[in-house]
Structure formats: C-alpha cells, structure tokens
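Before anything else, here's the structure in question.
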Amino acid sequence: MADKIKLGFLLLGGCAGCEMSVVDLSENLVDALEHVEIVFWAPTVADVKYDDLESMEDNAIDVAFIDGMIRLDEHIHMAKVMRKKAKVLIAYGVCSALGGTAGLGSLHDKKDLFEKAYKNTPTTDNPDDVYPQPECLVDGKYNLTLPVYQDKVRLLNQIVDVDYYIGGCPPHHSHVAAALNAIVTGQLPPKGSWITNGKAVCDVCDRNPVNKEGDNRAMLYRVLRTVDGVPEQDTCLLLQGYICFGPMTQGDCGASCLKVNTPCRGCGGPIPGVEDFGAQAISSIGSILKDESVTNQLREKYPNLSKFFYRYSLPSGILPKKM
Amino acid sequence: MEKCGIYLGCNIPFKAPDIEQSFNKVFPKLGVELVDLEGATCCPAWGTAPSFDIDTWLAISGRNINIAEEKDVDIMTGCNSCFGVMSEAKHMIDHDAAKRKKLNENLALIDRKFKGNSDVFHVSHVLYDRIGLEKIKESLKYTLKELKIAVQPGCHILWPTEVMEVKEKNSFFPTILKELCEVLEADVPHYSALNACCGMGAMRSTDQARSFGLFKTKLVNMKEEIDPDMIVTTCSSCYLQFDGAQKNLRESGEIDFEIPVFYYTQLLALCMGFDPKNVAAISATPRDQIIQKIQSEARLIKQEA
Amino acid sequence: MAKVGVYVCHCGSNIGGVVDVEAVRKHAETLPDVTISRQNLFMCSDPGQEIIRQDIRDGLVDKVVVAACTPRTHEPIFRKVLEGEGLNKFFFEMANIRDQDSWVHAHDHDGATAKAKKIVDSAVAKAKNLMPLEDKYVDVTQAALVIGGGVAGIFSALELANMGHKVYLVEKDPSIGGVMAQLDKTFPTNDCSACILTPVMVDAGTHPNIELLTYSEIESVEGYIGNFDVKIRKKQAYVDWKKCTGCGDCADACPVRTPNEYNAGLDNRSAAYIHFPQAVPKKAVIDMTSCINCGGRKIGSETRISKKTGKPILAPCERACPAGAIDRSKAVDPEGEILDVKIGTIVVATGYKVMEKDNFKSLAPDSPNVLTALQLERLISATGPTGGKFLRPSDGEKPKTISFLSCVGSRDEKHHTYCSRVCCMYMIKQAKLLKEKYADLNIYMHFMDVRTPGKDFDEYYTSAMDMGIRFVRGRVGGIDMLPGDKLKIMAYDADLAQNIEVESDLVVLATAIELQDNIKPLAQKLSLTLDGSGFFKELHPKLKPVETAVEGVFLAGCCQGPKDIPDTVAQAKGAAAAAAVPLAQKRVKIDPTISEIDREKCSGCGICEPLCPYGAITMVAVNGSHPRARIEMTQCKGCGVCTTACPSAAIELHGYSEAQIMAQITALTL
Amino acid sequence: MAAINLSKMNQEEVIQAVIDHGGAGITKCIQCNACASVCPVAKAGFPLFGRLLFRKLQTGHYEEIIEDASSWACQACNRCTEICPRDAKPFEIVFAFRRMQAGELAISTSAFTPLMSLHATGHAVYSETSQELREQVGLPPVPVTSIADEKAQKEIQTLLDNGPMGELGIF
Amino acid sequence: MEFEPNIIGFACQWCTYAGADLAGNLRCKYPPSVKLIKVPCSGRVKPEYVLKAFAQGADGVLVGGCHFGDCHYKDGNYKTKNRMDMLKQMLEEFGFDPRRFRREWISGAEGKKFAEVITEFTEEIKELGPNNKLIEEVV
C-alpha cells in the first residue's frame, strides 16, 4: 500500500465547528483513514505548543486545513508556520476563507469591541476598567504576554498563499467527504480554486420554483423575517418574502438550511466569479424587489444592511472594514 | 385653544392701535389665543435693511421669526409689508443654504439660532384658512346685509405666490377678502382695479404727488364702478392710505366724495358687537355714521332657538 | 497581445483649440499594448480614415481607439473603416474628448488635457478587452403602423400606401383629420382648411392599402424593428359601424348636452354624435361617460314591452336609427375589442394640443370673452358653433374691439421656453380674416416680436398692417375685467415708451402648442423619450430628424415639435420614406451588443427571468440537469439588467463585459 | 440726444455689480415689457422703472442713473416677478440697483429718519403721540415690542452695526 | 496645487451620457473632474463597480440614469434605484462619507443639469478632500 496522505488541521480564530464536520464524516472517516493519516490536529484535538509545529520538517504535511479567521498576531504566526510545513494549504470553512461571522467585528474598532466584551455586557462587572493587555509584569519579574489583538479581521490568504478554499459554516460533511475524495483521488482543481460544485444553493434546493413544473420566479412584493411567522414548507422562501441568499451562495451544503425551513445566509461563500458577496447580494436582491416600498421594507426589517449582506464575508469584501 | 404669535409691526401699534385692539377682541372669540412676541422689531421695512443689504434684512427678519420659534408658535401679522418682507426672508432662508449659514453667523452675535420651525401667516390667512368662514359666521351679532363693500387686499399678500403658505386660487383675481366680507352678508362686487396698488409706502415717501395720483385712479375707479358704502382692507398700509390720502384729496378738491375705510378685523369686531371706542376709534375719514348703521337694532341677527 | 492604435482628432479647433493634442498623442504612445499613436486635423475625414486603414493594412494595429467626439454620432463611421479592412468592426472604441471635454472645459486647458489623457486611458483599457462580435439579421414584417390620424399621420400613411406597403392608420377620435380639421382657413394663402384636407382624408379612407382604425388606441407594443407585436384597442362605439350610414339621426334624437371637443368647448354636442360633418369615416359613436341611458336602456339590458302600446321601449337613439345600427339590448364589451397586428415599422404622428386658458391666471381666464386662438378658429368657422357669425360668447353681441395676445405660454419659463412657431402667423391670419369681413372692427395685436420665417410669410404680415390692423410691441402683463363683460388690456407700448390700456370686447390668447396630455404612457409603450421641451425626441436634431432612439420607430408632425402645415406634411413624407426603408430591405440587422448566458455557469436560480423588460429570458430544461436560463437573441435589447443581477456571474453583456468595465475603472483610478 | 457709444460703456462691470447685489436675473431680461405694463412705478409716472432700468443697466449705465429716485418708489409688490416670462425676478433687480445706490448714499434725505429710528428703537416708524392714541382705545401706552425693551434694542443695534450698513455711517 | 477630484461616472447611453454630450453642445462649463464610463443602462452598473472605484482611490462616483418613466429599457432605472440606495446606506455603515457617491437622474435633454450636478458634486468633494484614507486602507 502506498504511503498514506498526511493531513494536518489547525484552528485559528474560530469555534472548531469545521473540525466537527470532519468528525461528522463518521464511517466515511474510518474508510478515509485507509488512505490518509492525520499528523497534526491542534489545538482542538491535541494539546501542543508552538514548538511542536515549528519543529516539524518543512513540507512534512501533505494537505493542511486551517479553519478560523485571523485576528491575533498568534494567528498570523501559526498560519505562516503551517504554510511552510504543508505542501497544500486549504482555507477550510468560511471564517478562514472569507472572515466568517466574526469578521463583522471589522465594522467596529478595537475600543468598541473591548468595551462591549469586557465591560458593557449585562453580566460583566468591571468597575476598574480592566482590559486585556499584550504584556503584564507580575510580581515585578514575570513578564506575561497575551497575543496582540489586530485592528481588523484578516483572511488566511491575506497572510499566506492559499491553495484551495472550502466554504461553509461549517462545511457540510458531505462537502468535506467530497473534498477528501478529491484529495485522495488527485482530482483537485487548479490552485487558487474553491473546492465546490460551483452552483448556487438554488440549484440543489427543492423549493426553487424554476425546478418545479409550471412554476416561475417572481418579484418580491414584501419582505418578511422568520420572526414574522413560520414560512410555508416547500415554497421558495424568496417567493414568500423571506430574504434568502440561496441564489448567490455555493450550494455544496445540499440546501440544508432550506430543508429545515430556514433561509440561506450565505455561509457557503459567493459563486466563483463573484468577487464581493455583499455587493452582489445587494445587486441581485435589489433587482427583484418589486418597487421602492419593498426596498424600504427590507431596510426597515434589516436596519444594518452591511451586517446582513456580509454576514459571513465582510473582511473579504472590496471594503473590508469600517473606514 | 390654538395659539398664534401676534406680530404688530410699526403702523398698527403706533398709528392705528384700534386695529391692534380689534385683534385682541376678535381672535380669542374665534378660539385663537394671541401670544405676545416680546422684543419684536420692525420687519424690517422695505426701505430700510432690504434696500441696503440682504444679509442684514435676513438677520432682522430672522430674529423676529426666531422670537416666535422660541415660543413655539407661528407668526401672524396684520400688515402686508411686514408679511411680504418676512415671507420672502423666510423663503430665502429656507431655500439658500449659504444665506442660512450667514444668517446664523449673524444671529450668533446676539445668542440666537434660526431653526425654521415657525411659519409666517397673514391675519386674513389665519381667519380664512385656520379659523374658517363657518366659525366666523357663528360669532356674528350684526349683519351687513345690503351694504356694499369695495375690498382692497393689497399687493404683498398676493405676490410672489411662491413664498406664501396660504395661496389665493388666482392671485390676480383674489377672493379671500371678498369671501371674508361676504360671510358678514355684505355685497362685495368686483371692480376692475381690484389688484391695483394704492400708492402707499415707499412711493408715497419718495413722491407724494405721484403716489396720490396712482391712489386717486384706483379710488375713482371704485367709486364709479361700484359706489361702495365702505372700503375694507387687510393691509394696514393700504388702510392708512385709503383713510388718510382720501382726506388729502378731498381737501385739495380733487374728489368730492368720501368712503369710510375699515381694516377687516375692525369691521368684524363691530359685527361681533364690540365697542367702536376700542376697535374703530381713530380715522381721518369719518365713519361714525356707518358704524351706527352697522350696530343698529335692525341689523341684529336673530339667534335661532 | 493586442495591438492598439490610438488616433487623436483635433476636430479643427474644436478639440485642438483647448486640448494639447500632441501631449495626448504622446501619452497614448506610452500605454502598454499601444503600438501606434497618431493625430490628425479631422479623423472622420477621408484622409483621416485612410490613416487608420493604412495602419490596419500594414498589420500595425488590430484594435482601434479614436479620441474625438461622441460615439453616439461617429462610432458607426469608424466601425465601417474597420469593417472595410476586414477587421471585426467591434474592435473599435471611442474616447469622447470633445463633447465631454474640450467643449465644456474651454476655460481650463491643462485640466482638459489631463482629462483627455484619462479618457484615452479608459478607452485603451476597454479596447484591449474587446471581443469580436457578429451582426445578425432577421426578416421584416411587411406592414407599417401610423399612430395618429391628423394631417401628419394621413400623409405618412398615404405615402407608405402608395409605395405599396400595407398600413394600419390608428386614430383615437372617431374621425381622422386632427386639429387641421378644426381650422377655418390656413396661412399664408387663406385657403379653406376643410377644402384642402377633406379630399386627402377621403383618399386615406378609401386607399386599398390603408386599414383605417379610428376610435382606437395603442394598447401595447412589444418586439423590435421588423417584428413589432402591436395590440390595438378599438374603443367601444356602441354603434354597429357596419350598419351606420352616418346620417346623424341618432345625434339629433339624443337629449344629452356635453361640451363639444370639436368646437373647443364653445358649444355642446349630444352623447350620440358624429365627430364633425366631414368626418372620415362618417360614423356615429355613443359617448358612454355622458350618456344618460334614456328609458333605462342601459347597454345589455333586456328590452321591456310598454304596457300601454305593447311596443318595445327603446331609447331615442335606437328609435331614430334608420339603419338599425344601435341596439342597446346587445351586451357589448365596454372595453371594446383588441386587435393583434404584426408590424415592421412605426410612424408616430400623435400631434399636439393647445394650452387651455386656465393656465394663465393674470389674463382673466374666468371671463367668457377670453378665448384661445383655437376657440376663435371655431367661432369664425362656418361649421362652428355660430355658423361662422362673429359673436362674443358672453352675450352674443358683435365685438367692436378685439385684442390678440401672443406668446401665451410660449417663451415663458413658467410654462414653455420654446417658441410655438405658428402663433404669430395664425394670429395675423385670424386678424386678417376678421378685418376683411368686418372693416370697422378694431384689432390690436400685442406681440413680443413678430416672427415670420417662411415663404410669403413676412409679406402676409406687412399686408395686415396695410389693412389697419394695429400692432403693439410689448408683452401684456395683465387683463382686468370691466363692467359690461369688457376687458381691459394692460400693456406697455415699447415703441411709444408708454403704458397703454385697451378696452376690448374679446381677447384672444395665442396659447402654446404642447404634446397631448396622455402621451406619456404611449411614449413608454414605445420606449420613446421626450426632449427638454416635452416633445418626442428625434435621434439627431439635424441629421436624423424623423428617426428615434428606437430603431424602426419614426416621428412626424407636431409630436416632434411645433410646426406649421407645410413643414408637417414635409416631415410626414420624410418619416414615411424612412419607415419604408426597412420594409424595402426586407431584413434588418440585430445589434450583437446583447446579453448571453453561459449555461455552464448558470445555477438556475431564475433571478434574471422576471427582470427582463422584454421577456427575452426563459428557463429551459437541459439534458438531465435542472433548468437553465436562455436569452432569445431577437428579443434582448442589451440593457444588462440581468447581467448585473446574476448571482452566478453567468451572464455576459457583449460590448459592456465585466472585464471591459473593470479595466476602465482601473484605468481611470489607479 | 447724442448717440451713446456702447463700446465705451462699462457693461460687464455694471452687470456684475447688479448680480453681486442680488439681481442675478439682469442677464435674462429680453425687454418684453410685461413688467412695465403692470408696474405701479411706471403707472404713477416715474421715469426709470422695470424694463427701462434693466436696459440701462444691461448697457452699462450707472453714473447717469445713480441719483434717480424712481427705484425708491418701488412698492415691492412683486407683480412683475409673478408674471416675468423669463423668471428674471425684476423686483430683485430693482432692489439690487437700490442697494448699489444705497452703497453710495444716493438716497433721499427723507430715508434717513426711518433708518435712524430703526437703529434706536427697533422700529422704522415711531411717534410719541402714539401713546395717547393707544390709551384712548384701551391699550397700554407702549406695546411689548422693542420700543420698551433695551435688550431688544441692543440686539438690533448689534445686527445693524455689524453688517455693511454699519459702515455707511448713518447711525 | 489645488486638489482636483477624480470622479468616475457611470452613465447610461440614452440619458446621462447623452445629457453630457448636450452639455458639450451647449458649451456649458464644469470642472474637468468627471470621466464617464458609458453603459447601455444604469441597470448595468454593479454596486461592486462603485466599491471598486472607491477602493482604487476615486474621490467620487456618480451613477447616472434616466428619469423614472424615461428608461429606454422600461424600468432599468428602478433597479438602479433599489440597488444604489441600499449601497449608499451600506457605504455609510462602513463609515464612508456617502456624499462621495451620487445617484442622479439626468435626461438627454438636461445638458445644463449635467453641468450643474458635476459642478456641485465637484465642489462638495473638494470640501471633503481627497479619498486618501481608503487607498491606504485597502490597496
């Protein structure tokens, strides 16, 4: 048997949900392990120090998956180290690829975010205004450090070269399986690509009116949020007035959210060829609003448009942060 | 009770205070509380600041309007000139950002800031548009049946229509004052020089003879075409010209008739039954006779049970 | 790598007098992919074109950028040059450094030169990304549509019909004839309007190639040049026109009185009426908005039998009709019927209206003795409300003094800034006709200035002075109403330098000509735009006066701008000739700058489908996969709305592609 | 009258001055005479009204007409503005010319009294005898306007003194 | 040297572009700040283009289309309005001065208006100063 393909997993600024999708492979993972071995999986699975990765030989890992966005100098450092150690580097999951929900933090400055997190939440009691400091001298001799918080969220590809991208929050396990399969069978697309079927959620959505006999796409004559009532099953959410990003989002998830009556929020990332998810969403959604009154409804229901349209992708936009 | 800032100007408080008194009587009775505008100055008159410097004009008008703003009321004025000056000033301030900026720089010198919350109304606009003919009709004690009125709306309440809050249907053939008189049951026929200028104001101070000439044309036209029992105006300047210049013309032998002149609220106050000693006491052209006639027993309106 | 040739035009001194042309040329030379950069006095001239031809022949350039005027006029000229040399004609891009640069920045030579360089950068960036495109052709339906049956529409229709083309002539009123049918006489020959128009109307009504559709309106227009699908609504006349003989008995029997449009509201007509005596077709209609349903004879109601007489109870109109053309018990659709016709080209000749006097508050509009000139025209016409007797409306007295006011609503920023072109002449005509008939009539003509540019026009004007008609120079500022229904004109005689007043029995306002009220919906149906004066916009004010921005749609008559009858007829014939060209060519070119879907990229979300204004997009199932979008080439007009909306970036608009626009943005910024 | 050599007239400068003083419509006037036909100044027989004034200004007349009092007879009735077909706002041009005259103190002496009164009391028109009249009809002798209000008088003086009018030395 | 703003204008060929040509015909004067990119319809302008222009340092961006009811393609300008109004709000949320972005309806007959809009827009941007910040941040 040929050498197994060596995989590595590294979590940066994220929740490890993407790695849960690997676990969700269940039996498939067992099958896969015939062809691959995982040589690094931190910090989610193994407790390691910086040294453990730094001391590996360069290119020791065949394919590395990095999930999470980049907010701390530690993230930057580890991403660079991992790039050296890996032959192929995959930005795994929407945080790593596009910034993710945490990327919306770039619409605020550090001061705002710290005040909110360490002082102003209802359950926080911080009368002395204590905030995390990058350095702290304890007992006059122990210089303790914390990773330095950066001014904005960055994407992996803004730090190192990225070979492939996988969207999703998290990526659907079937998507992960397909990616692993491509790796194992050597059927990866050209470098720099997204590993995706390249079609929108609508393509695989049973609700899409285009996919139904005798039904048609139509303009939106109202805007609803899910709090306004439970959407009808089986009918396209857009047609009902629930803004759904299915048309502009990669559909490798198999339209999972739609299956549980929830509108797509775009975690799959934009269809290849589209540079800026939010700008395209404005363009596409803005086109099918019947008239100005519907646009106004949308603006009323979603007072902050940027956080709505860029929910998973703000740092990847042409304007990547608050100016 | 609806509130309205009463802007007096100069002519009314100093030359015809009986008009001021007629406001005090008439408006509360019609459900409008008059709010004093303490410290208000001249509007400023066309011949003063507006003839010298636009920003100074806007500053003085803006200050007057600001006094009303601070009391949270609109402005009502009984003088057409004041109405014209302040309406045009307000229009300029509202539509020209640079002028507004300059205005507030000027007002900052006296610790004021123009907000733009108060509108400028004429007495006749408040009567016609905000109070309404119906309410006036209900307040009357005497009728003017079979009395003929020549109305004189005056110029500044007609043009430019662009700057006004309340507009005539056709400013060249105005009907607001006509309707206000008709509700008193008087006869208000049309005469051809209805919208002609009376010659008061700047023209009279520049050249009295020419001013009187223009006035005479109009007065004679009224007399010949409709021969009215009285002349009714809602402009204090027109009032002074019709009342005063008529006397001059008669004394110089240019006319041989006299027509009593009323400011509309004076006439309205009389019809409501107020004492002429308060509301119609000062005039150069006699009007005792017609006042007696108006407040006569025969003209009492019978209240329906 | 592209070989871009840049050619900078001086346009005489139009560009060269402001922009440093040599500096721009030099700058272009430094741009990547630019192989040649040249300048010439007039690039559009033969020698200018030859420079480009030679460079193409020498293999020096394969993409051409001309920095000159606007592509809106000159792009076709240069494309032909490329085509002539065997280069794809879409390998051409224009840099507009005249209309949008030198002409507007004459005060800033450096700024204009710097801007010209950026504009060239942008054009070169686009040129590098140009793709070859091929023209496509479709067949032309052999029929024309003329909208409007006034003198313009009639002549356009006749001209096309005489060339052998099938013509549908659509008129909203019951008869063709338009405003000209309301006129008494016409200047400068004073021939009777009816006498010269009626025979032409009859020609149009009887021509074998003309299908007359009066009392009809355009419901919708779809399609494109050569292949318009037009729906025409034949309004409900409530009279069976196949039986109606035009005898007018129904009109005589009808008791209703409602303002008569034909007489400009000066008298009344009945609800059942014939448009006017010389109507073509001479058919009656019943105007249901004013009909009072005599005898409870609502349309479609059952006929009741009188108990007294035992006869059916009929409305007077039904009873009067000797031809049995009115049957009120018959339920007919109040909306009329819709005709579907296929059309190759369209002539729009919807005419004009004159402004109503109510618009002019200072001119005593409430006086019955203030008339518009069109009302006077009816008042002095033999077919008018007084049978041609000149009597003033308030009391039927014969006027002794009449005043004409010019430029009412014309040359006035509060109404229309343009000159209505015909008022001076028709006022003089009306004055002359009156003076000829009533020598003792005092006539005052108040003018800003008398405009008489036309054959025999000025002689017509001066002869009016000889007749004793008095001309006063000075715009009238107001009219007072005097006792006895008289009117006092307030004027200022500019030549006398004196205020004057004129007491008149009758005042005539020469009110402005403007587009008909309800024309905007028609404009939208036809995708036509209006110009700053509110008339239909021609494609070019000088060189394309009958063409519009919509290929295959042409303009004739006053809907394009005020004009007199000779000019209207000339333009009508011109529009007919232009509209006949595609019919004669039998096929037309389809512009390839339209959108196309990359089926491989399409996700089938369907967002684009409801957006297309022409319904060109359909979702089509393709072997096994979900449906994908498809654009019908002949229906797409290339707006790019779908391209912008497509969330899968699957739609390309040829000629305005993503790569081209992005390259331009980059060229203009970085 | 001898012919005027137009090429020697200062047209641009005069027109610019009119515009600077608030008469931007001066270049729009086409001498249609509508304003003159209804102007009270014209009808009362003053020599220099509306259209004629505008023509003079358009052709660069200034010194020749600076002392003419006609413009001060303008009633500001604005009928001209309402009907001007060019939307030139004739009233504003007349007043612009007035301001040019005022800037050179080319105003009648009778205009000074109201100005000084405005500065002193806040009212352009005021007479002592009014107190008696007011009491006669049952009003307090002075109204609540600036006439009895020192702070208000200070305010109006500040506004007048700090503008161009303050520089004319009238007050 | 005085700051001359760089304004990128996306102009529909039937209205705003034609209006700009008419401004030339009428010899209306305006500052040489604006350079137009001709598009068939304002509905062809992607919000992305506006962002791109700003990111690459444009001081102002104008999207010009036909007045409502005048669109050569019936209703492309309504789409433009929906898209661009939302974009403008989003720009503001990004802390970007929305005055740098304008959506204007200028018809082919409004040459004078085109010149006025550009003059006024240029003045406004001159007051705001160059769009340096964004260049630093993004590029």
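Annotations for the structure displayed:
Lettered A, B, C, D and E in written order, each chain numbered from 1.
As a convention for this text, contacts are C-beta pairs under 8 Å (C-beta built on N, C-alpha and C of every residue); 3 or more make two chains touch, one makes a residue touch a chain.
Quick caveat: nothing in here was measured; it's all calculated off a predicted structure.
Chains touching both subunit C and subunit E: A. When chain centres are defined as mean Cα coordinates, B lies farthest from subunit E.
Two chain pairs, A-C and B-C, are compared here, and A-C has more C-beta pairs in contact (counted per touch definition above).
A simple rule picks the central chain: find each chain's mean C-alpha point, then take the one closest to the mean of all protein C-alpha atoms, which gives E.
In terms of their C-alpha centroids, the spacing between subunit C and subunit D amounts to 48 Å. Distance between subunit A and subunit D, defined via averaged C-alpha coordinates, is recorded as 72 Å.
Averaging C-alpha coordinates per chain places the centre of subunit A 34 Å away from that of subunit E.
Centroids of subunit D and subunit E (each the mean of its C-alpha atoms) stand 43 Å apart.
In subunit C, the residues that touch at least two other chains are 362, 478, 611, 641, 644-645.
Shared interface positions of subunit B, i.e. residues touching 2 or more other chains, are given as 171, 195. The residues of subunit E that reach two or more other chains are 46, 52, 79, 83, listed in rising order. If you check each pair of chains against the touch rule, the ones that pass are A-C, A-E, B-C, B-D, C-D, C-E.
Contact residues on subunit C toward subunit D in their complex (touch as defined above): 362, 407, 411-414, 448, 473-478, 490-492, 494, 497, 499.
Contact residues on subunit E toward subunit C in their complex (touch as defined above): 4, 6, 8, 13-15, 17-18, 20-21, 23-25, 27-32, 35-41, 43-46, 49, 52-53, 56-58, 66, 69-70, 72-76, 79, 83, 107-110, 115. Residues of subunit A that touch subunit E in their complex: 107, 275-276, 278-280, 282-283, 286-287, 289, 291-292, 295, 298-299, 304-307, 309, 317-323.
Taken together, the subunit D residues at the contact with subunit C in this complex read 30-38, 42-43, 51-52, 79-80, 82-83, 85-87. Taken together, the subunit C residues at the contact with subunit E in this complex read 70-72, 96, 98-101, 103-108, 111-112, 114-115, 118-119, 122, 520, 524, 527, 529-533, 537, 549-550, 593, 611, 613, 637-641, 643-645, 653, 655-656, 661-662, 664-666, 668-670.
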